[in-house]
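What follows is a set of structures to go through.
Consider the two complexes below, in which subunit A is the common component and subunit B and subunit C are the respective partners.
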Partner chain A sequence: MSLLTTLARLEAVRSGRAEPLATVRHRHLSDRPMVVVPLTAAGEAGAPLAVLLGTDRDAPRLHLVPQPLNRTLRFDYLAELAADLLPYLEFFGADVEQIEGSEKDPETGEKTQVFRELCADAPQLIVPNSAGVHHLALIGRSTRFRRTVEDDEPGPYPAPVRVPLLGRWLTHLTDRAQVPGSSLLLPMTGLLARHWATGQSHLEDQHLAARLAWHFPPDGLAGAEAAERAESTRDERGQLLHPPAGPATDPRFDEVVLGPAIARYDAATSALAHSTEQRDDSGAARAREAVREAIEQLRGVLTAVLLPTWHDVWRGIDLLRTLPPAGHLEERWTGDRWSYTGHRDRLAAGEPPQPRQDDAVTAARKLAQREREQARLDVQEALDDPLAMAEHRLAGEAFAGVVTEVVPDYDTTGRSPKPRPLVTLRTDDRPHADLGREAHRVHGPSTQKAEIVAVDPAEGSITLRILSGMGRKKEPEPGSLPEPGELVTFTLFELTVRQSAPLPEPDDTPWTHGGPPGAAPGPVPSTSAFDEWE
Partner chain B sequence: MNVSTNAPSRGHSEPLSQRLAELRGPAPQRSLNARSLAALAANPGCHRRAVLDAAGVDKSALASRLGRPAPFGQSPFAIARGVIFESRLKADDYAALLEPLRRHLGLPADGGAPLVVPDLLRRSGSAVRADRTAEALAAAAADPDAWTLLDHPLLRLDVAGSTAYLEPDAVVVHGGRCTVVEIKSFPVLDGSADPAKVGAAARQAAVYVLALQHAAAARAGEALAPDPYTEQRLTGSPRLSVLLVCPKDFSNRPTAVAVDVRRELATTRRQLSRMTGIGRLLDALPPGTGFDLAVDEDGGPARSADELATAVEAVPAAYSPDCLSTCELGFHCRAQARCGDRVEQLGRGVRGELGSIRTVTEALAAATATGSGTDEAAERLAYAAALRAEALGAAVR
Partner chain C sequence: MSTEEAPGAAADAAVARILAATVHPQAGAPRGVVVDSPPGAGKSTLVVRAARELVTAGERLMIVAQTNGQVDDLVGRLAEKAPELTIGRLHAADSRPGPEVLRHANVTPSDKVADLVEHDVVISTSAKWQWVRAEAPWRHAIVDEAYQMRSDALLAAARLFERALFVGDPGQLDPFTVVGTEQWAGLSYDPSSSAVVTMLAHNPQIEPHRLPVSWRLPASAAPLISDAFYPYTPFRAGTGPDDRRLTAAVRPDGSALDAAIDRAAEHGWALLELPARHTVRTDPQAVTAVAATVRRLLERGLTAHSEQGEAPLTADRIAVGTAHRDQAAAVRAALLKAGVPVDGAAGPAVTVDTANRLQGREYDVTVVLHPLSGRPDATAFHLETGRLCVLASRHRHACIVVARAGIAELLDEHPSTEPVQLGVSVKFPDGWEANHQVLHHLTGHRVRLR
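Here is the complex of A and B:
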C-alpha cells in the first residue's frame, strides 16, 4: 500500500466516507454483466450449497443443493447451474469480426496474410469477493475431469453431460482472473478497493457490506459505525441482519436456520423412501408434498440470506458506473476478448480439459504474461489517471512541471545536423533524476524520448535534451515541442511494455525444467484424465 | 479436535498462579489449549492477551460483557465433517490412517512388527490420562523395534505456573522416536493446501512437539536443548517434522504430508518463555484490577461493564486488524483504537509507514502542514497530500 492510499484512508477516517483512489474507471464493465453470488457448505472444500445469479437485478435466479452431502443432488445442482450459465457464456461466441494478421511460414520464412476470428464482445462474471472467485475455481477443478454418460467408460457416477463443460469454462475464467487488468471475472470488493479508500483496513474491506457502508452510511452515521453495524448486528434469533457475502455462511445461520431446514428435508425424503418401499401410495403422496415443502422452505431461507449481497453487488456496479471509463479500457478488453475467443476455439477443436498442473513451458508463459500485463496495467493506469500518475511522482519515477525555457540545440556529429533542443521545467517533484537518465514525455503529440542533462534541486528545475519525436528535418516539426508555460509530465519508465524473450515450444522444454511433457519418467498420471469420486 | 482442560499446578504455593487466580475471580479457569497457545504467537506484543490467557479469563464472555461479542463460531456441518473424516480414518483398526502413514514413516506392511495401540484410558480424568500417556510413551520408546500408535494421548505442558493439558490427534512411536500426527479436514488439492490453514495446523502441532520435548528431556533428566532448531535425540524425543493427514482432492481418502515445524516451534518457545515473565506485566497493573465475570447471589454481576472495561484498559493491547479473526476481544480493541484515533486501525503496515505519527489527526495535520517539518514521514505526507490535491483538482476541471 502506498503512502497516497494511506493518505486517502486517513481522510476517509476523518470524513467517515469512502474517498476516491481513482478519477476514472480502470476496469471494463459490461452492459450486461452476469452477477453470481455463490454459497458453499461448511466443512467441505468446494461443496456448493446455493447460488443466486442473473443479468437482471430485479430477477435473480436461485439454484440450491437441498442436502450438500448428497453427491447426486450436487450433480443435479451443477447441471442446473450449467444450463443457466452456459447459454450466457456461449452467447458471445456467435458474433465475430475478422482481424487481419500475418503468419510466417516456419520453413520458407515467407509471410502470408491470414484472418483470425475475434468475438465482438465477451461475457463478464461479477462475484462479491475474491473468495467467490476461489470458489468458482474449485467448482471448475472438481467438475472439468468428470466422466459423463457420453464417455466410453462413464464409470459408476457419471455426471450430467454439460457439467464438465461448465468446469472448463469456470477454470478458464478463474485462470484469466489472475491476469492483472483482466475483466472477464471480477470480485466486487477488489473493484471497489481499486477505486475508493475506506477508513478501515484491507482485511475489513473484504466484507462487501461493511465496505459499502462507507459509501452509503445510513441515517447520518459515520462509515466506521455503519460498517460495524453491517458486520455484527443480529436479530432476536441471533441471525446477522446483513449476512456475510459468502461463499462461507455464518456458523450461527448453519446452526439455527440451515441445519434444521436440511434436517426437515432429510426427514421428508426418508419418509418418502419408506412409504415407497411399503407401497403406501397415499403416504408417498403426503411425503412428496413434505419434500416439496422442505425444498420451498430451503429456497426461502437461502434467498433471504443471499439477497442482501445480491443487491450489494449491484449497488457496487452502480457506483462504478458513475466513473468515466479510462482511456485504455478498450485495449485491455480486447485482450479479454482474445482470451475468450481462444477458449471458445479450443473447446470447438475438441481439446482436452486444462490439466491439473501446467507443464513447465505453459507455466512460464502464464507467468510471463501476468508480469507483462502487470507492467502494462501500471503504465496505462498512470497515463489514464492523474491520481495513478501521482503514485509514480511520489515514488520519484515521474515528474511534472511548467516549462520555463526551450533552447534550440543541434547534434552536429552526423552528416546533417539533427534537432536536440533543451527544455527546462520547474517542478516541485523530487524524481530520482540522475544525469544522463532517459525520460519519456507523457501525452505528447508522439512518443518522445529525452535525456536529463541538468538538475537543480534547490531551484526545483530540471533540464532535458529532447532526443526524438520531432520529425526528420533540421528544425523540429511545429507543435512537437512543449511551449514555455505549458504543463508537461515526464516519466523515468518506458511507456510501452517490452515483449519478453520467446519461450520454447513445449516439445523443446529443456531438461532443467523436466524435459518435454510425457517424456518425463515422473509419476504417471492416474489411469485416466478423470477424477475418481467416492 | 482439541479438548483439553486445565488444572492448578502441583506446586500450589506459587504466588504467580495465586495472583492470576485473583485476577480471574471465582469463575472457572478457561483452559489453555494448543490452539490458544499457538494464537499467542500470532500477536506476541499484546500484553492484554498474554495476561488474560495466563489468568484463564473467558475472553469470549468478557467480550460479551464489554458489549462487543466475539463473532466466532464453528458451523455444525464443519464439525460433523471433521468427526466423520477422523472416524473413517480410525475405522477397521486404523486401516485408512495407516496407509498414508506407511508411506511416510516406512511403517512395515502387513507381516512386519504389528502395530501396538495401547489403551490410553480416554474416559478417565486428565491427570490419570496424562500419567497413562507418559507411561505408554516411555514403554513405546524403550523398544526400538516396536511400532506404537498413541490415539489421542494427553500431554502436559507447564505454562506460566499452571499445567495445560494438550491432546494431539495421534502420536506414532518407532525406533525410540515419536512423530506427531495431526488430522485436519481441509483438503490437499493437486498437491497443495491452503497456506493459511497449513500454517495454523503447524503452529498447533509445534505446541505438541514442545510438550513431547519437555517430556523426553524430563525422562532423560536433561535440560531442553537451548536452540529450538537443533533436534534433541533423546529416547522418545519428537521429530521436528509432523505429519498432517488431510483428505485428498475432493475425496474422503487421506493423504499425509510432512510439515517442518522448527520455525513455529522456535516462536512458540519464545512466546511461552515470555509468558513466564508475566509477573512483570502483573506488577504494572493498578491495585484492585480484576476480571471477575461471576454473578453474585442476588444475580447482579460482581463487576460492572464499566469496571471491566477499566480493568481491560489497564493492560495495554497491541491491536492490529488481524486480531479481528484471531482474538475474541478484537472488536473491543478495534473500537478503542478508533476512539483513540490511532493509526493502527488501518493496519500494521500503515503504522510502519507513518513513523512516529501515532494518531489520524496528527497524520492529517502533517499532511496539510506547510513549511519544512523535521520529520521525514511528515514531510512525505505533505508531499503526498499536495500531489493528491493536484490530481483530484485536475480531474474536477
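Here is the complex of A and C:
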C-alpha cells in the first residue's frame, strides 16, 4: 500500500467518510451496463442458486434453481440464464466500424491494405465483488465443453443448446477481467476501492454494503459504525437486514429460511411424482399447485435477499458516474472492444471452445499482455490524474516544479549542431534523481526526453538537458520548450510501454517446454475423468 | 562425495563431470545440463571454462545472462581469462555496455547480431536474445543465473540453440511478476516460474549436477547458509576458520558501531540492533545506522587477510543490501551526506542495491538492512527465502545486519499463509523457518545501539 493510500485511509478513519483516491474515473462505465448479482448454494463449489440481473435498476429479473443439487434443474437454470444474458452479449456484435490496417503478404512480403471490423461498443457486466467474477468463471468452465443435441454425439445428458455458448462467453469475459485496466467485467468493490479509501481493512471492503456505508453513513453515524451496522444488524428471526453481496449466502439464512423452503419444494415434487405414479389426477393437481407455491416462496425469499445488493451495485454506479472520465479511458475501452470483436469472430468462425488449460505459448502470451497492460495502466493513470501522479512523486519516481531558467546549449559533435538546452526547475519533491538519469516530460507538446545534469537538494533545484522533441532544426521549435514560470512535471519512468518480445507459434514450442502441444507425453495432469456429469 | 575429501578435489571432480557432459555429451544424452551452484561456488569460473572448452572443441556458442550487469561482469571475466577467444557483446540499441568491458581488445560490441555471428562467443541478456532473429542458430548455449530467468523468456529464446548448459543458484530469488498468474499455477510450463524448473519438468531424465564447495563464503558463514537455505543439498566452505581475517588499523572508540564491526571481524557476523519500533520503510534511524557503519568501516582502515593474500578494505569491496529500492536510495543519500563515495563512475565506491540486483555479486564485507526491520507485518515478499539468502551470502569476510528489535516476535505473529496450489511442489526451506534460523544465529552476535 502506498504512502498516499495509507494517508487517505487514516483520513477516512478520522472523518468517518470515504476519502477520494482519484480525481477522475479510471474505468470505463457503459451507458447500459448489465448488473449481475449471483448466489451460490452451500456445500458444492460453484453450484448456482440464483441470480438477479438486468440493465434497468427498476426491473431486475430473477432466475433460480429450486433444488441446487439437481443437475437437470441446474441446466434448466443455465438455459434460462443463457436466454437472458446472450441477447445482451450478442447485441453489440451487430454495429461495427471498419478499421484500416495493412497486412504483409507472407509470400511476396508486400504490404496490402486491409479493413477489419471493430464493434462500435461492447457489453459490460458488473458484479458486486471479485468472488462474483470467480463464480462466473466457474460456470464458464463447467459449461463450455457440454454437448448438446446439436452435436454429433450428444451423450446421455445433452445440455440445453445455448448453454455451452454461454460458457464460452463467460470464460472470455472472466479471462479478459484478468487484464489490468479492462472493463468488460468489473466487480463493484474493486471499482470503488480504486477511487475511494475507507477506514476499514481491505478484507472488510469486500463487503459491498459495509463499503458503501462509508460513502452514505446515516445521519449522525461515522463510517465505521455504519459499516458495522450494515454487516451485522439482524431482525427478530435472526436474519441480516443487509445480506452479504454473495455469491455465498449467510448460513443463518440457509438454516432458517432457505433450507425449509427447499425442503417444502422437495416434498411437493415427491408428492407430485407419487400422485402421477398412482394416477391420482386430483392429487397431482394439488401437488402441482404445491410445487408452484413452493417455487413462488423460493422466489420471494431469494428476491428479498438479493435486492439490497442489487440496489447497492446501482448506488455504486451512481457514485462512479459523479467522477469525470479519465483521458485514456477511450483508448483502453477500444482494447476491450477489440477483445469483444475477436471473440465474436472466433464464435462466428466455428472455432472450438477455449481449451481447458492454456498451452505454453498461449500462457506466455497472456502473461506478456497482462504485464504490458499493467505498465500501460500505471502510466496512463498517472498522466490522467494528479493524485495518481502524486503517488509517483512521493515515491521519488517523478517531480513537478516551476521552471526558473532555460539556457540554450548545443551538441556540436555531429555534422550540424543540435539543440540541447538546459532547463532548471525549482521543486519541493525529492526524486531519486541520480546524475545522468533519464527523465520524461509529462503533457509536453510532444514526447520529450531529458537527462538530469545537476541536482541541488538544499536549493530544491534540478537541471535537465532536453534531448528530444524539439524538431530537426538548429533552434528548438517554438513552443517545444517550457518557459520560465511554467509548471512542468517530469517522470523518471518511461511514458510509453515497451513491446513484448516475439514468442514462437504453439506448433514451434521448443524442447524446453515439452515441444508442440499434444506432441510429447508431457507431465500435463489428466483431467478427462472429470468430464462427465451426473 | 566423501566429506574427508579435500574441498578442492571434490570441486574439481564435480567440474570435470559437468564439462564432460557439456562438451562431449554421450549419444542420446539429454539436451540440457543443469548445474546447481550455492553462493560463490565457482559458477562464473565454470562458465568461463565451459566456454573455453567448447570453443576448443570447434564450437561457437551463445551465452545468456539475466541483467546487463551480469553480462558485463561475464564479458570482463571471459576477456581476461580467455584472451584467445573472440567475444561479441550484443546489447540493446539504447544501452551501451560499460567502459570496463570495451577496454578488452577481444571484445566487440554491437546491437546487431549479424555483426557478431562469426565470433567464438556472443553474450547478451535474455531480454535481448528474445528479439534476435538468427539465420543459423548456435549449437551450444550457456544460460547463466538460470534460476532467475523466467520460463517465458526461455520459451522465446530456446529456438536459438540445440543444447544448453544451465547454471544457477536455486536458493536465490525466484523470478517475479506484478500481475496475477494463479490460473497457470501447477502447470509444468507456468510462464512465471523459473526457466530451469520448467525445463526439468519437461526433461525428467536430466539429473542436476551440484557444486559442493563455496569459495566465497568464509567458514563462519557456509554452515549457516547451507543449513538454513540448502538443507537437502549441503555444501561447505573452501577455506578453513583461520584462512580469513579482518584486522583494523584504528582502535575501537567504544561505540556500538565499532563493537559491531569488531564482532563481525572476529566472528563473521554481527547484528546491530536498534530499539523495537514500527517505522516507515525508509526508517531514518536504521538508514543512518547503516551509513554510519559503512563510514566507520572505511575510517578504521581494515585489512582483509585471506588465502588470496592481504588487501585493504576499500569502498568497492563493501556492499549495502536492502529489500526495497527506496531503502537503497535512502542509504545512498545518507552515505553521500557522510562523505562516502557511492558513484562507481568516479572511482572506488560502495555498492548500495536491492537483493535482486546484488544476486551474483561478491564483496568482502556487507552491511544488510534486515527486510523485516521495523515492519508491522511479514508479507510473502519479505519472507521470501531467496531475498534473505542473497543478502546473507554476498560476503567473503563478514556481514553486519542492521535491524530493529522484535523480528522474532513479528515472525511468530505471521506464519506463512500463502495458498497451497495443486501441482506446485512445496518449496523448501520455508522462508519463515529460514528467517528464524538466521535470526537465531545472529542473536549470538548482537550489539545493541541506543
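By definition in this document, the second predicted complex is superposed on the first by the 525 of 534 C-alpha atoms of A that agree within 3 Å, B and C clash if a C-alpha of one lies under 4 Å from a C-alpha of the other, contacts with A are read in each partner's own complex, and residues count from 1 in each chain.
As a convention for this text, a contact is a pair of C-beta atoms (placed from the backbone, for glycine too) under 8 Å apart; a residue touches a chain by one contact, two chains touch by 3 or more.
The model shown is predicted, which means the values in this text are computed figures rather than measured ones.
S.K.: Thinking of the overlay built on chain A, is A:357 touched by subunit B (first), by subunit C (second), by both, or by neither?
M.R.: both
S.K.: Where does A:231 make contact in the superposed view: on subunit B (first), on subunit C (second), on both, or on neither?
M.R.: It touches subunit B, and subunit C stays clear.
S.K.: Between subunit B (first) and subunit C (second), which does A:509 come into contact with in this model arrangement: first, second, both, or neither?
M.R.: Second partner only, subunit C.
S.K.: Could you say whether A:432 touches subunit B, subunit C, both of them, or neither, answering first, second, both or neither?
M.R.: So A:432 only meets subunit C here.
S.K.: Contact-wise, after the overlay, does A:254 reach subunit B, subunit C, both or neither (first, second, both, neither)?
M.R.: Touch partner of A:254: subunit B, not subunit C.
S.K.: With both complexes superposed on chain A, which partner does A:299 reach: first (subunit B), second (subunit C), both or neither?
M.R.: Touch partners of A:299: none, neither subunit B nor subunit C.
S.K.: Pick one for A:387: touches subunit B only (first), subunit C only (second), both, or neither.
M.R.: First partner only.
S.K.: On the superposed three-chain arrangement, identify whether subunit B or subunit C touches more subunit A residues.
M.R.: B
S.K.: Taking the contacts subunit A makes with subunit B in one complex and with subunit C in the other, which residues are shared?
M.R.: Shared contact residues on subunit A (touching subunit B in one complex, subunit C in the other): 3, 357.
S.K.: Which bits of subunit A are touching subunit C when the two form their complex?
M.R.: Residues in contact with subunit C: 3, 178, 180, 357-361, 363-364, 366-368, 370-371, 374, 395-396, 432, 435, 501-504, 508-515, 520, 522-525.
S.K.: Note which residues of subunit C are touching subunit A in the complex, please.
M.R.: 31-32, 127, 130-131, 151-156, 158-159, 164, 177-181, 183-184, 186-192, 195, 198-199, 201-204, 280, 325-326, 329, 343, 423
S.K.: Please output the residues of subunit A touching subunit B within their complex, sorted ascending.
M.R.: Contact set of subunit A toward subunit B: 1, 3-4, 6-11, 13-14, 20, 23-24, 41-46, 68, 138, 141-142, 199-204, 224, 228, 231-232, 249-252, 254-255, 259, 356-357, 385-387, 389-390, 393-394, 428, 430, 531-534.
S.K.: Using the touch definition up top, name the residues of subunit B that touch subunit A in the complex.
M.R.: Touching subunit A: residues 68-69, 71-82, 185-187, 189-191, 247, 249-253, 321-322, 324-325, 331, 335, 338, 343, 345-347, 349-350, 353-354, 360-361, 363-364, 367, 380-381, 383-388, 390-392, 394-395 of subunit B.
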